[in-house]
Every structure is written in C-alpha cells, then in structure tokens.
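There are structures below to look over.
You will see two complexes here that share chain A, one where it goes with chain B and one where it goes with chain C.
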Partner chain A sequence: MVERCDVAVIGAGPAGLAAARTAAGHGARVLLLDAQPRCGGQVWRHDVAHRAPHAARSAIRAVGGKVDWRPHHQVVAADGRRLLAETPEGAVAIEAAHVVLATGARELLLPFPGWTLPGVTGAGGLQALAKQGWPLAGKRVLVAGSGPLLLAAAATLRRHGAEVLGIHEQASAARVAAFAAQLWRWPARALQAARLRAALTGVPYRCGSFVRRAFGTTQLEGVELHDAHGTRQIACDHLAVGYGLVPNIELAALLGCALDHDTVHPRVQADELLRTSVPGVLAAGEAVGVAGLAAARIEGALAGHVAGGNEAAARALRPARVRARRFAALLARQFALDPRLRALADAGTIVCRCEDVPLAALDGCVDARSARLVARCGMGACQGRICGAALAELGRFPRGGLRRPPLFPARLATLAAFLQPTIPEIEP
Partner chain B sequence: MNGYDLIVVGAGIVGACCADEAAAAGLRVAIVEPATVGGGATACAMGHLVAMDDDPAELALARLSLQAWEAFSELPEAEFSRCGTLWVAASADEAAGIAARVARINASGGEAHALDAQQLREVEPALAPDLCAGMLAPREAVVYPPRMAQHLVRRACARGAALHRRAVQRLGRGGAVLDDGSVLRGPVLVATGCALPRLLPQLPLRPRKGHLVITDRYPGQLRHQVLELGYADSAHGSDGSSVAFNVQPRPTGQVLVGSSREFDVDDAAVSPPMLARMLQRAFRFMPALRELQAIRAWTGFRPATPDGRPYLGAVPGHADLWVAAGHEGLGVTTAPGSARLLLDLILGRTPAIDPAPYAPSRVLP
Partner chain C sequence: MTAHASVRLQVDGQPVEVPEGASVAAAVARVAPTRFRDSVHGAPRAPLCGMGVCFECRVRIDGRVQLRACMVPVREGMQVDTHG
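On to the complex of A and B.
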C-alpha cells in the first residue's frame, strides 16, 4: 500500500505538531507519523497519572481533525523519497511532496563503572518510565548529569512519588549562575525554571558534582559522588543520569541529507528556511541542533509554512527562530561537559550494552567499523545509538554505519514490503 | 634493507591465509594493508564453509580448504560453529538431481545425505511444508571471517611477518612501491580482492554486489545453514541481478539472511527493492522468517572472475609475481586451500591439487 500526501511530518513532538498544524493550515494534506501511541514526543510524553501542560494540550488539540494522525508508525527505511513505516497492521509506504523531519533528540549516556546495573537509567529515560506508570512511590532516586532537563526529570519523578535525594549537575556553580543570569532574555524559559525550582523545593541542587561509580551486586545499591569536597557514597534505589541530548539524524542521513559535523554529535544541515540538502525534505527542532522546546515549536511552524507553500510566512518567523536558537548556544556553552567525565569508564566498563563490549576491547580500533569488526561494538539492537554517541563524546571515533536500513529493528516482513515494479514469480 | 621472501598485498581472508601459510613455512613475509585487516569483502561475508559441487575444480579446492579449516574449529576467534549445510530443492528438477550431488560430494571425501520430506521437517522444522527433498552436509560450518583474518595476520606477525600499514602504489621490478615512496623488495603476491584491477588490470574481474540482513537473537530458530539447491545455477547463474535463499544461524542466536547478486552497481548503499526481493525469496522457503526482527542490513562486493574460479598462481609475463584473488562468494571457504596451493607453487612443492583450472594464464591470450 502506498499512501500519498502533500506533507509527511515525521515525529509528533512540539516541532512535528507545529509543522503539521501549520502546513494543514495552508490546505496541505498532511500525514503526521510517530512511533508512539500518542502525540507529544519526549518532552510532552503522555503521563498516565497527570495532566499534560497547557501548551501540550493546545498543540495536540490544534492538529485534531486537520491532519491525518498516524500513531504506531515507525519509519524504518527509505528508498529515494519513498518512506516505509512499520505499523502493528503491517508495512505502509508513504510518498509526499514534502517531508518534514521532526525526529527530535535522545539522551546522551556516558559509560562509567556500574552504569549497566539494573536501577541505572537515563534521566529522561526514568522520567518517561514514570509517565508510563513505572512505580516510583517511596523510591530513593538520585538525578545526575547535565542540563536543565535534569530539573524537569526530577520534578516528574517527585510528582510520581519518588524521593529525589538530589540533583547533581556536572557544570560548575559559576557556569550555572552565568546561565541563570542570562535566562531573562527568554522569559518563558525563566518562568519554566522558576516553576520547576518551586516544584523541587527541598531537593538539593549541587553543581560541579558527578557520579563516578554506581555499585550494587545484582541491583543498584548506591553511587559514588564526586565534587570539590571530595568523594562520598550515597545509597539509592535509582540513578537517573543523562548528559544532555543528541540529535536524531538517522532518517535524515538515510534520505541523503547532508549533516553538519562541526559538533561532536552531527546535526541535520538546514538553511534559514529549514530546507535540507535534499529537495523537498525539511528539518525542524532538535534534529537540526539541540535548542529546546521554544525553538522546536517555532521551527516546526516555519517548516510547516515552507511545506505548505507560504514562504513569506516562513520568513516572518526567522527572527524568532534566531532568538530561540541563541538559547541553544548558551546551553552548549554553560553546560559543556567536564573533561573528567570522559575518563570515568575504566578498561572493564561496558561501552556497548547490546553486545557486552568492554572499553578495553576497543584498544587499537581506529573507527566505528573496526570496532564492529573486532569487538562487535555497535552491532546490537540499538544500532550504535548509545555506544556510538558515547564513544564520539569520549573522543574515540564518530559513530558510523548511519545510512543503512532498518533505522530501527523491524520485522523482515516489513522490509520485504518495499514495492517494486515487478516481483519475479518463484517456482513452487 | 627491505628484502622479503614474499610480499603479500591485501589482508582479507585470502591474503591473511597466504601470509600465515608463508610465515609458517619459514619465509620472511611482508603484509601490506592500509585499511582494517579483514575489512573488505571478508567483513561483509556470511562466513560459510561450504563445498559447492557444481565444478570439480572448485570442489577439490573446497575439500582441501575444509580440511584445513578443521584446525581452527576450537579457536575462539574463528567462532566456528558446525551447523552443517542443508540444501533444499525448490523444484522437481532440483530434487531429481540430489542423488548425483550426494554421490559427487561423498566421492570427493566429503559427507552428504539425501533427505526426504519428513527428514527435512525433522532436521529443520521451520522450512515451508511443501518442500519435499533436500541434502544435508553435516560436517560443514560457519565462522566469523574478519576476526579470523585478524587472528591469522597476528599469527603471521608472531612468526616474524611485518605488517605495513600502507597501500601499494605500484608493482615495480623486484618488489612493490608503497604510497609513501618506500620500496619493499621480493616476490609479490597480490591478494586484493575487488581491488585487483588497480595492480593487475590484465586479469578481468568485476565486483558483484550482495545484500545481507541480520536479525535479533532467536536461539534455536534455525539449526543449519540452509540454501536452495539452485543457489549457484538457477539462482545466481545468470549475469543479471538475482536472489537466492540462503540463511544461517550465527553462534549468537542471530539469523543471517541472504543473498543477492548484482553486477555493474557501484553504489554500496542498501537497495530496499533488492532487499525486499531477497527476503520474499527467503519467505518462500521459510515463512517463519517473516516475523523475525531485522536489526541491520549491509552490502558487500564479491570479486568475480569471468569463469567463477579464482586466480591462483603466477602472473604470466612477470617474474616473481603471484596472484590469489577472484574468489567471488567462496573466499572464506577456500582461502586456506588457496594459500596452500599458492605456497606449493611458490616453493616448488608438489601441488596439493591440480593448479591448472586456477592458472591466471587461462584468461590471457
């Protein structure tokens, strides 16, 4: 089955919702696809126990009835401009005049001794689990890593009954203060930060502090924290640790879009109207560089205008976009990772969780391919998303093998569904 | 002083085997490989150790090689798994040919048995219920080729071989000139697979693209590597693009699914339509594959000669210039036998098998 439409928006987070709504507003027939059962993406992920924020509810309401919303559609392959999505009902091929990539970002996890123990998750990872109903009531949770998302994660965890022992930000107090001092330029962000702090009253926020080691026999029992005062151990049931976000560029790469490699983690290259190097393919939000919710919403609308054929309206959003993007630069500068974090993993620390590959097994590997061939590193079900980003951050080598389907594990039957002119008959 | 008894150019599985064999024979060996050892076709290969009986010469080389592979059956780096090879008939014609194929393999010193429909079902329950005949070669195996090539190069180096991390710029009189201008002196053995034409353009060789898909782990899903009996002829016999059923259980519990062959395609990208065609062929033989989760697909290029046999021997018109390349899809299986034959020729020993069918001179006027 081939579905044809004017605009296919991939990802139903803030950028995708804005793009879909805007393009539909220009009369375009829009398909909005997401692997999740509900709209919202990661930041507005549906919470089984608590109401979504007002902005999320109104953004989701705004696409209702106006776009063809396709939950459970995971785009797993592309041939030229034809996309192939896996759904519970089988494979769906999609052809669109414009594709808007609103594929968002994922958490950066860095390996340290003990990070693979049950009980250790990403900060956003545990936040997502909490929203899905994972029982956290009464659990002692330590939140660590870097960036403002730690506050959002901690607030969610607390709302779900967790005892948040503390938030440990690796950036120094001076850097965090410099960040806070600039926040007035983005009043919405400042307000959000103030709300989060209020929700986290009584939870210690420690700067210049990071987890050196997690310990436990079969399950996390505690962590070793390091800060200017030295090292101490603290008992906990969960460690939620994330070092910021990495753009999801895999679909863009598969479509042949050029990437910017000037940062450790590549971003989709896009011009001022968010057009990628491939005609008809646009990108918006974190995929073009992590900049947060406000930038994602503006960029989604901007891309939606372009895809809907109203370039003038798109151009009108450029100043707002530039302003929102400055926030990204501030984030990157003030939450830059402490070099010591790159040295936490020791020889025996697992770097590739899918294939149980310790760091020492990568000695002598000069690139991601040799790491796969020598040590099976990156050959598992996550396709190198976790270890590839971590090893790039550790300064080993960039992630490789990007332009290959399936983008996510997919049924063989799905990959066999790519339509072709003739399928030769097989003699029974 | 850069004098060697043998300069092996290329460290894929074939070059690695040759270097290992030469070092074991006491030769002063140089290995020249600028990229990852075992990183070319070796890395993309399925890693099957399979004797094809279509051509008596290929069968003799495979037999010699499979005996040599037995020495690595306990080696961790080889990831040797004796899953056996199960050939299944897709047509009455193929079924009718089984008895002769079994006889040929057994006569060559291998082991094969004919299976009827019920026996097929017993040995491989996931096969399509309408398949009614097959052939089992129970001693055959699979290995992990890139690690094997790396092991062989390490072993050669432990015996004194020197690994040069450079590319050969050109073959010169009495040796090879590397891309940094340095010169290695001594007899040269070119084992560069698909890159052969760069150094030996007189030997025709075409890259033949192939696709593979690997699944998540499903221990017990598949017991044998399974191929369709028409694999070499009806499926991959033509010059056009083709697909054939070929699945393999990896020691990890993953299932590796092939295969496709295409000439005249330079682009290494996975072609979704070709992947689809290959998978549809596989489902015909094993419908249960449909539900398995694929985690990765890739392509590779097989070095194909016009007659399907590798070039093994002296390069005509050049003193001290040898070639071991053009193994197409059987490089992993036949690398040890190729190395043995080459060293027999280089050292003037009685060849283990008749070298004539592989002589590079066969394609030259």
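On to the complex of A and C.
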C-alpha cells in the first residue's frame, strides 16, 4: 500500500506534534507517524495513572482531526524520499512532498560492571516504564547519572510510589550551582525546576557522585557509589541511571542527510529554516542536537511552516529558536561527563548487550566495522544504538553506526512489500 | 491517582490484571520482572530503555516472537510468553 501526502512527520513528540499541527494549519495533508502506540514522545509520554501536563494535552488535542495520526508505524527503510513503515497490520509505503524528521533522542547508557542485571534501567527508561504501569510501589530506587532529566525521572518514580533513595548527579556541586544560577534566563525551565524540587522534598540530591558497580546474582541487589568521601554500598531494588541524551539520527542518515560531527554523538545538519542537506527533508527537535522541550516545540512549528509553504512565518520563529537553543549549550557545558565514567567498564563488562560482547573482545578492533566482524559487537537487534553510542562516548569507534536498512528488525513480509515495486526503478 | 478499567491477560500461563493502557512490559513485571528473555549466553535480561530502543524486553505475544514488550499495549485475553 502506498500512501501519498504533502507532509510526513516522523515522530509524534513535542517537535513532531508542533510540525504536524502547523503544516496542517497551512492546508497541507499531513501524516504523523510514530512507532509508539500513543503520541507525546518521551517527555509527554502517556501515563496510565496520572494526567498529562496541560501543554501535552493541548498539543495532542490540537492535532486531533486535522492530521492523519498513525501510531505503531515504525519506519524501517527509505528509498529516496519514499519511506517504508512496518505496522502490526503490514507494510505501508509513504510518499510525501516534505518529510519532517522529529525522531527525538534516546538515553545515553554507559557500561559498568553489573549494568546488565535485571533492575538496572535508564533513568528516563524507568520513568517510561513507570508511566506504562510498571509496579514501583514500595520499591527502593536509586537515581543516578547526569542532567536535569534525573529530577524529572525521580519525581515520576516517587509519584508512582517508589521510595527514591537519592539522586546521584555526576557533575560537581560547582557545575550544578553554575547551571542553576543561569536558569532565570529560561523562566519556564526555572519554574519546572522549582516544581520538581518541591515534588522531591526529602530526597537527597548528591553532586559529584556516581555509580561504579551494580551487584546481585540474578537481579540487582545494590550498587557501589563513589564520591569525594570515598566508596560505599547501598541496597536497592532498582537503579535508574542515564547520562543524558543522544540524538536519533539513523533515519536521517539513511535518507542521505548530512550529519554534524562536531560533538561525540552526531546530529542532523540543518540550516536556519531546518532544511537538511536533502531537498524536501526537514529536521526538528533533539535530532538536530539535544536542547530540550522548548526548542523542540519551536523547531517543530518552524519546520511545519516551511513544509506548509510559509517561510515568512518560519523566519519569525528564528529568534525564539536561537534563545531556546542556548539552553543546550549551557546543559552541555555544566553537565559534561566526568572522564572517570568512561573507565567504569572492565575487561569482562558486557558492552554489546544484544550479542553479549565483553569489552576485552574489542581489543585490537580499530573501528566499528572490525568490531562487528570480529566480535559481533553491534550486530544484534538494537543495531548498535546502545553499544554504539556508549563506545563513541568511551572514545572507541566514533562514527561507527550502521547506515543501512532495515533501521529496526523487520518482518520479511515488510521488506518484500517494499522491494517488489522498487526493484524495477533501480534497474529499469 | 484515578480509577481505571483493568485488562486481564496471561503471562507465562499466569493470569495478570493491569490498568487499561499499560504496556505488556508492565504486565510481565508482575510475573517475571527479572527475566523477560535470556541473553545469548543465557543470562537473565529485563527492560533497560523503556522506549523501544534496546530490545532487552523482547517477548512472545499471541504467538508472535521477538516483540518489544514496552511498545505493545495490553489487550484482554492476550497470551504473553517470556523467553520468546
């Protein structure tokens, strides 16, 4: 089945919702796709037990009836600008005059001894699971890693009944204080931080503190924490640990969009109107560099104006975008990772969880390709999304990601549906 | 907290009741929270990312293998098997 539309928006988080709504407002026929069952993305993920924030509800309401919303649509391949999505009902090909990539970000998860134990999750990861209904009442949870996301995650976990033992931020107290001192420049952020602090009254927030090791036999039993005072062990049921976010650039790369490699984790290159290097393909939000919710919403609207043919309206949003983007620079500076975090994994620590590849197996591998060939590192179901970002952060194999379809494991029937009509086009 | 309708399903043959709109991962968490699947070397694995990226939560749902439990909402009467 081939679907045609004016604008296909990939990703229904804050950026994608804004792009879809804005483009539809210009009269465009818009398809909004997401692999998830509900819209909202990660930051506005549906919570089975609690009402969504007002902004999320109004953004989701705003696309209702105006765009063609397609949940459970996982884009797995592309040919030119034609996209192939896998759905529970079969394959769908999508042809659009404009594509807006609002693919968001994933969590940066770094390997350390014990991180494969059940009970160890990402910080945003456990937050997402809690919102899905994962039972946390009475569970002892330690939150660790870096960045403001830890506070948001901890607040959600507490609201779901978890006993949050503490939040362990790897950045120093001086860095965190410098961050907080700048927060007044973004009043919405400052207000959110104040609300989170209030929601987390009584939960210790420790800076310059990180998890060195998780222990347990068949599941997590506790962690070893390190800070300026030394090392100590603490018993817990869950460890929610995340080191910030990594842009999801895989689809952009598959479409041939140029990437910016000025940071450890590449981001989609886009001009001031969020046009990528591929004509007709725009990118908005975390995919063009992690900057948070405010920037994502502005950029989604900006890209929606461009895709809808109103460049003047898009240009009018540029100052707001620049201001929101400054927040990204502040985040990156004040929450820069302690180099010791890159040395937590020992020789036996699994780095590629899909294929059970220990760090030592990568000795002698000069790049990601040799790591795949020699050790199967990055060859599993996640296709290197977890270990690839981790190894790049560890200074191994930068720019090593796979750039070929399928982007996610797909059924053969899906790929067959895609290949049949395209083979004659490739070899006429 | 607000009141919600429940959905009943089976995980590894055991009946489970979870709120409507919950994911299969949340249902499995009530039966086998520490072993969604076995790693290639046989170690127990459970969800890591919660958002469909890591594939650690793969289970069998109504006979279909290798589905991400965190991406699938529960349905009445669903049959879920871990190690699938």
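We adopt the following convention: the second predicted complex is superposed on the first by the 416 of 428 C-alpha atoms of A that agree within 3 Å, B and C clash if a C-alpha of one lies under 4 Å from a C-alpha of the other, contacts with A are read in each partner's own complex, and residues count from 1 in each chain.
Criterion: a contact is a pair of C-beta atoms (placed from the backbone, for glycine too) under 8 Å apart; a residue touches a chain by one contact, two chains touch by 3 or more.
Just so it is clear, the structure is predicted and the values come from calculations on it, not from any experiment.
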| item | value |
| --- | --- |
| Contacts of A:Gly122 with chain B and chain C, given as first, second, both or neither | second |
| Chain B versus chain C as contact partner of A:Ala77, first or second or both or neither | first |
| Touched partner set for A:Met1, first chain B, second chain C, both or neither | neither |
| Contacts of A:Thr218 with chain B and chain C, given as first, second, both or neither | second |
| Touched partner set for A:Gly133, first chain B, second chain C, both or neither | second |
| Contacts of A:Arg404 with chain B and chain C, given as first, second, both or neither | first |
| Partner chain(s) touched by A:Ala381 [first = chain B, second = chain C, both, neither] | both |
| Which of chain B and chain C A:His46 touches, first, second, both or neither | second |
| Partner chain(s) touched by A:Ala35 [first = chain B, second = chain C, both, neither] | second |
| Contact residues common to both interfaces of chain A (with chain B and with chain C) | 380-381, 409 |
| In the complex with chain C, residue positions of chain A that touch it | 35-37, 42, 46, 48-51, 106-107, 109, 116, 118-122, 124-129, 132-135, 218-219, 353-356, 380-382, 385-386, 409 |
| Contact set on chain B toward chain A in their complex | 36, 38-39, 43, 90-91, 130, 146-147, 150, 213, 215-216, 257, 269-273, 275-277, 279-284, 289-298 |
| Chain A residues touching chain B - in the complex, by the definition given at the top | 77-79, 84, 366-367, 369-370, 373-374, 379-381, 383, 401, 403-406, 409-413, 415-420, 423-424, 426-428 |
| Chain C residues touching chain A - in the complex, by the definition given at the top | 1-2, 4, 18-23, 25-27, 29-30, 33-36, 39-41, 43-56, 58, 66, 70-73 |
